[in-house]
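Two complexes are shown next, each including subunit A; its partner changes from subunit B in the first to subunit C in the second.
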Partner chain A sequence: MAKVYTGKDGRLLLDGTEQIKVSSWTLTGSLEMLETTTLGESQRSYTPGVQEFNGSASLLYYNDGNGRNDAATALKKVLRVAGVTESDTVALTLRLVEGNTNHDVQLNVYITSVSFGASVGEVSRADISFQGTGALTAVTI
Partner chain B sequence: MAYPALAPASRSFSAGDYQYKTYKAQNGAEIRILYGDKRTGMTLELGYDNIPDTDADDFVAHYDETKGGFTTFTLPTEFRSGWNGNSAAIDASVGNQWRYDGPPQITSVRPGISSVTVKLVGVL
Partner chain C sequence: MGIYLGQIGTIELTRKSGEGVKESVVNPSDVNVSRDRFSFDFEEGSLLTGDLLEISTTDGTNLDFVAASGWPDNTVYPSGNWYAFIDELGGIRLYSTFADSLEGSTAGLVPLAAIARDIPVRVVVRDRDTRILGDVTEYELNTNREVVDVSVLGDEYRQQYSSLITGSGRLTAHWDYVTNTGEESVNYLMQLVLRTEVGSIFHGKFYIKAADTTAQAGSFGATQINDSLWWEFDALVTNAAVSFAPDSVITAAIDFVATGPIKLRAQTQEKRFLLQEDTGKLELEQDSTSYLMLEEPE
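Right after this comes the complex of A and B.
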């Protein structure tokens, strides 16, 4: 059956926990290309280099009434008194749901930047950027 | 083994010079005495970018075979790839051969891929 995916199908999981009140996420994958063109050739040629994954997400700064605030948890990956260490990676899952089927991209990331604020007439939200480290751990898209 | 028969990604050639000495008088007049009829001291820098490590190690093997800069050698035609002028113009000129002017420089780019830079000098 034909299926158009929308934001309604999107999910974001941090360390296996589905985040509440996520308004958007994006993931960018890129591949560095190494040029192998030699003198005498008229067309450039390349060999694959290293891959990179990064992206961003936006969450409402929302308390669910039970003290759970996923935006705050994400913000505290950077906004913290102690420094960030190598063990502060997060297992990130970006998901599109189709019935009982999940289309996932999973990777380990560092939260590299966060921003949040408050404005009159606007919902407070936390915007985070992440940088993938290592290979993707699963791809089921 | 012979020098690796690979086309370089970059090439820089300097033509060297003839051997002569210059003497200057106090009034500024210059006298030059020519000591040889062959041009020598040409230099050649070849860059091989993003090649497999298995090709990069051939440069070290050849460097070992020539005992570094001790013995001289000729280059395969591949080093002139892309050059449409007189082939002798960028080679070691008559009576000269190449020797290493330093060890091959290998830069690892990613697993299995390296870039190599070779500096040669033409000697009689």
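Right after this comes the complex of A and C.
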């Protein structure tokens, strides 16, 4: 059955918890190519190098009825008194839902930058950027 | 239901200054005692004939260039209120009443006195008197509430969150430049848009139904005659246009935007006034047609 995916189908999970009030996410994957062209060759040749994954997401700065604020939780990954250590990775799942089927990309990331603020006439949002570390842990897209 | 025509609407306007005050210095040579005329450095068009000026010294000294006989109790103070007549050279004459200030003649002219020192002054256009805007042929007012899209991933329907309220509108009037005691002319709004230093703000009451008006048809009770409903807000003049055609009356179209809160108010109960012991009404200062009212009817 034909299916077009939209923001309606998107989800974002941090450490297995679906985040509330996510307005967007993006993921960029890249592969570094190493050139292996040698003297006497007429065409350039390459071999795969290392992969890199990074992206960004935007969450409304929003308290639900129980005082849960996922944007604040994400912000605290960077906005904190204590320094960030190697153990401060989060398991990130970027998901597109199709009925009972989830199309996921899972990876461990560091939250590398956050920004949020208040503007007249606008809803306060937390914009976060993340940097993947290591290989993807699952891909079911 | 009653059927109402636009003739029951009207516009009341109060002069005021919005963005700030004008500070300057009155030098001894700025005061012409023989003509009771003075001046100080201000941008042309900043002050308009008929403006009620609050003039204060900024160093706490008295306003010595206004003669003692120009004060209500013949005593000179550091601050006072007068209506201004601005002549074509930027000279200022002070008057005790709005009507006298429009003429710019010697009637009601506040006498000045020579000074021997520089007097630093602060000038503010006060907002005290309300007048009908004359010759208005039509007006429209739009109020708009902005919404912010707070839809998130997973939503099937857009969600909106209410944000800021804005208002804007346009009025059209037959052009006239003579301001009468009870009415402002649209020429004042055309001057206002060009005023730089103290802004182009005015306080407006845009009546949907003025008092002493009735419905054209349909149900209408006798007790509704004195009812009045109006929008009330501060507005900035953003555009003034005048159209000329050989076969048409000269009209001026004024565009404005609201700044600050916009209130839709209603007066549906009989007005009550605070009375003196002899049952006479208490007149408001310098306006014998207005009286001190009580806030809440019995």
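Descriptive notes on the structure:
Definition applied: the second predicted complex is superposed on the first by the 141 of 141 C-alpha atoms of A that agree within 3 Å, B and C clash if a C-alpha of one lies under 4 Å from a C-alpha of the other, contacts with A are read in each partner's own complex, and residues count from 1 in each chain.
Just so it is clear, a residue touches a chain if its C-beta (ideal position, glycine included) is under 8 Å from a C-beta of that chain, and two chains touch if they have at least 3 such contacts.
Values in this document were obtained by computation on a predicted structure and should not be read as measured data.
With subunit A as the common reference, subunit B sits beside subunit C without any clash. Legend: residue contacts after superposition of the two complexes on their common chain; A:Gly83 is shown touching neither subunit B nor subunit C. Counting the residues of subunit A touched by each of subunit B and subunit C gives the higher count for C. Legend: residue contacts after superposition of the two complexes on their common chain; A:Ser24 is shown touching subunit C, with no touch to subunit B. For the combined model, the angle formed at the CA centre of subunit A by lines to the CA centres of subunit B and subunit C equals 120 degrees after rounding to the nearest 10. Legend: residue contacts after superposition of the two complexes on their common chain; A:Gly16 is shown touching neither subunit B nor subunit C. After overlaying the two complexes on the shared chain, residue contacts for A:Glu122 are found with subunit C alone; subunit B is out of touch. With the two structures overlaid on their shared chain A, subunit B and subunit C come no closer than 39 Å at the level of C-alpha atoms. On subunit A, the positions that touch subunit B within their shared complex are 34-41, 47, 49-50.
Contact residues on subunit B toward subunit A in their complex (touch as defined above): 6-11, 49-51, 81-83, 109-110, 113.
On subunit C, the positions that touch subunit A within their shared complex are 146, 148, 150-156, 161, 163-164. Across the complex, subunit A meets subunit C through its residues 7-12, 20-25, 60, 97, 120-123.
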